[in-house]
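The chains carry the letters A, B and C, assigned in the order they are written, with residues numbered from 1 in each.
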């Protein structure tokens, strides 16, 4: 006699209801299995991606080793490859971008979080979110046809008058500076929206305490609220940086596409993403393509680390904000 | 009022005004971009643009019909790949999984989200183009689909989790099994948010060019089926913008306008759907 | 939800069915040097023989060589012939060879954007080498001014523009510079992708022309038709015989005259710095790279048919786009070689 699996106490085994129940349970099991497969697929795809990057760069990694990261030479003719010019270009353009985007972004976030009335703040945030949705190639289009002439005719000659070494050399319009400016516009929305959120999450009593002690509006913001949200804001900057590092189309259309390491921002250069985009389809020879894939691996690792750090910082701030300040 | 106080108040007023300026600058960029595109591309959007194929180099009168259709096909495929994985994966995370698995899946999705689009292109090339031996819509759609997965997954999970417990408990009290609860109660309750997530993911990949460079290649003609190289709007913007031909450049502006217009409309639509509120009244 | 899913599936089915036309789609990729004439050819060929659509992507000779070697396209195109190493790599991979078919003759011209200099400039080989080596940095340098008496050259910095992608035009240009300048030959060499001493990179001939148009005081090298179609001035170059010659149909054909008689069987030949008073020194053949074996019968017949057409009717379109026709001897030799495509 089959053991009863129903839970109704006192009742005997009800064969009909048990198979009905188990059918239901099976339905759940099927649903669980199916959705699990898809969830696992996400993990699988990610692992596969990293694996492919690793496997398809093996020749280059074996030949050049870690020195790949600081070798200056990129010579397809001699089959010698080094990542330094591209790492340099990626870092320089992203630094210029942050230089411009961070003050502007934090300033705008402060305005949206502290000063603007809720409706205005939400409307402006709406527009900022739309700005974040503009695709890279559109920025490239505008960069190449509108910003480059502007840089070449007006901005670069003006900067040249300062006689600083970073603003020396002929004013091409294309180059590190222009790429940095375009990248700045692209990453500002990220800094603004994340910073605005962390600033909004700072407990009210922090501000009120500062004001009660006689600080001006600005002082309470700058000396109390912003430092409180400091780690989250740092997180937003890392996020922006990770985004800037990986940008391809906008950069390749304005950076000049030249393998060069120079101190001047007017000089044309290259970035990791741009060189992959330009040379991947024409890399004849195993070592050449694998060197480019190794560059992709380097880029992936950079963004991976930065994104990880960003997330940690942002989580840390929100925990801090919610854990304190109960009036 | 002491001098020092007056100074501090001045600084305060000035700095706060500056933040307003920053916000103004940031927001006005959006309108500058739109304005530039409308000014330069508006006049080139004509019947030819939507219905004609590209003409030989140097000849005028061509259009982007194949690029528009090509983008449509690529995005269709991307949605068919990205949405089921993201949606069903999110259901697993929200309804079935334990904390550890959830952490791993979420982490993988975040990593995938952060992968630069050019690297996704390399991945799709290695996985699909190289074994198949040629470029194709399939490879391009796959690359875009991969990019849609994390966005769909995380957002859907958030919206599913936001459905009030009361609803789940009520359904279970009425004897519904878990999957029935999900299918008939939870998902419909969160459907606005899920739709928004899908639309936003769609808009995000609609403008992507880099992953298509080594997967879809490009095509001057119609691309039948899924096995051939295909043209796309973002790729046309790229190719035509850097060319020297006036006619091509005008078409690039027009294509940019159409592309950006489409993306903005989808974004606005998505947010409008969401702001109508989650379809469950808060108790 | 269901409605949306249903819509998606319907759209998918439609997309799969609606565009499965009967036309045969052939894919090729490569040089931007001949892109104007190729795009015209493929369009005209499709009009005349409606069943074959040849999709050609102008991605640069380097990419053309790689993709035909990888087999991701049905044919390639390059203005720098594949070298022995590349041919060996192809044969090793596929088990059969790759054939070079010259299609037209073209010229790489020095294009520039010098505000105020309205007349066509003359360039000596030394000037060109010096500019691209980065040693001559100003437009009014005596090396340039010496050949351009009476022209008002500004004292501005020269902006050199070259190709950022692997390019047959680069191959032609550097092949010429290697012949006329020992310093260039030893320092830089020739190839489709080289280590440029100086300059900005543009993608494709289209990108370079676009950059020159946008950038004052710039100089670059592109195929003749790009300069002509976009009204960008280009200069005359001093040839081996000492005359300043501007690129045009006659001077390019003159450069090929010698090679026509002694064309090697594999059609790989360089005609830069050709002898002859009227020869334009930076001329070149451009080749289609066709696999020696094409397993798909439909594609094979279409490609062979197209090649035959290009040697006959196709040649008539060349001159309108400033490409010179192939010499008769070369056409005859190629017609015979068509038979070796299996």
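Here, a contact is a pair of C-beta atoms (placed from the backbone, for glycine too) under 8 Å apart; a residue touches a chain by one contact, two chains touch by 3 or more.
These figures come from a predicted structure and were not determined experimentally.
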Per mean C-alpha coordinates, the chain lying farthest from chain A is C
If you tally C-beta contacts across A-B and across A-C, the winner is A-B
Chain B and chain C have mean C-alpha positions lying a whole-number Å distance apart equal to 37
Cα centroid separation, chain A vs chain B, in Å, comes to 16
Chain-centre distance (mean CA atoms) for chain A and chain C, in whole Å, is 39
In chain C, the residues touching two or more other chains are 29, 202-203
Chain A residues touching 2+ other chains are 281
Each of the following residues of chain B touches two or more other chains, namely 242
Chain C partner, complex, touching residues on chain B are 55-58, 69, 72-73, 76-77, 79-80, 129-130, 133-135, 187-188, 191, 217-226, 228-229, 239, 242-245
Within their complex, chain C touches chain A through residues 29, 59-60, 62-67, 69, 86, 89, 157, 159, 164-166, 189, 191-196, 199-203, 211, 214-215, 217
The answer for chain A against chain C in the complex is residues 74-77, 148-149, 152, 170, 172-174, 252, 256-259, 268, 278-279, 281-285
Given the complex, residues on chain C that touch chain B span 1, 8, 11-12, 15-16, 19-21, 23, 25, 27, 29, 35-36, 39-40, 42-43, 53, 55-57, 70-73, 202-204, 206-207, 209-210, 212-213, 225-226, 229-230, 232, 321
In the complex, the residues of chain B that touch chain A are 8-9, 11-13, 15-16, 18-23, 25-27, 29-30, 33, 36-37, 40, 84-86, 88-89, 91-93, 95-97, 101, 104-105, 108-123, 125-127, 146, 149-150, 153, 177-180, 182, 203-204, 206-210, 213-214, 234, 237-238, 241-242, 249, 252-253, 256, 259-260, 263-264, 267-268, 271
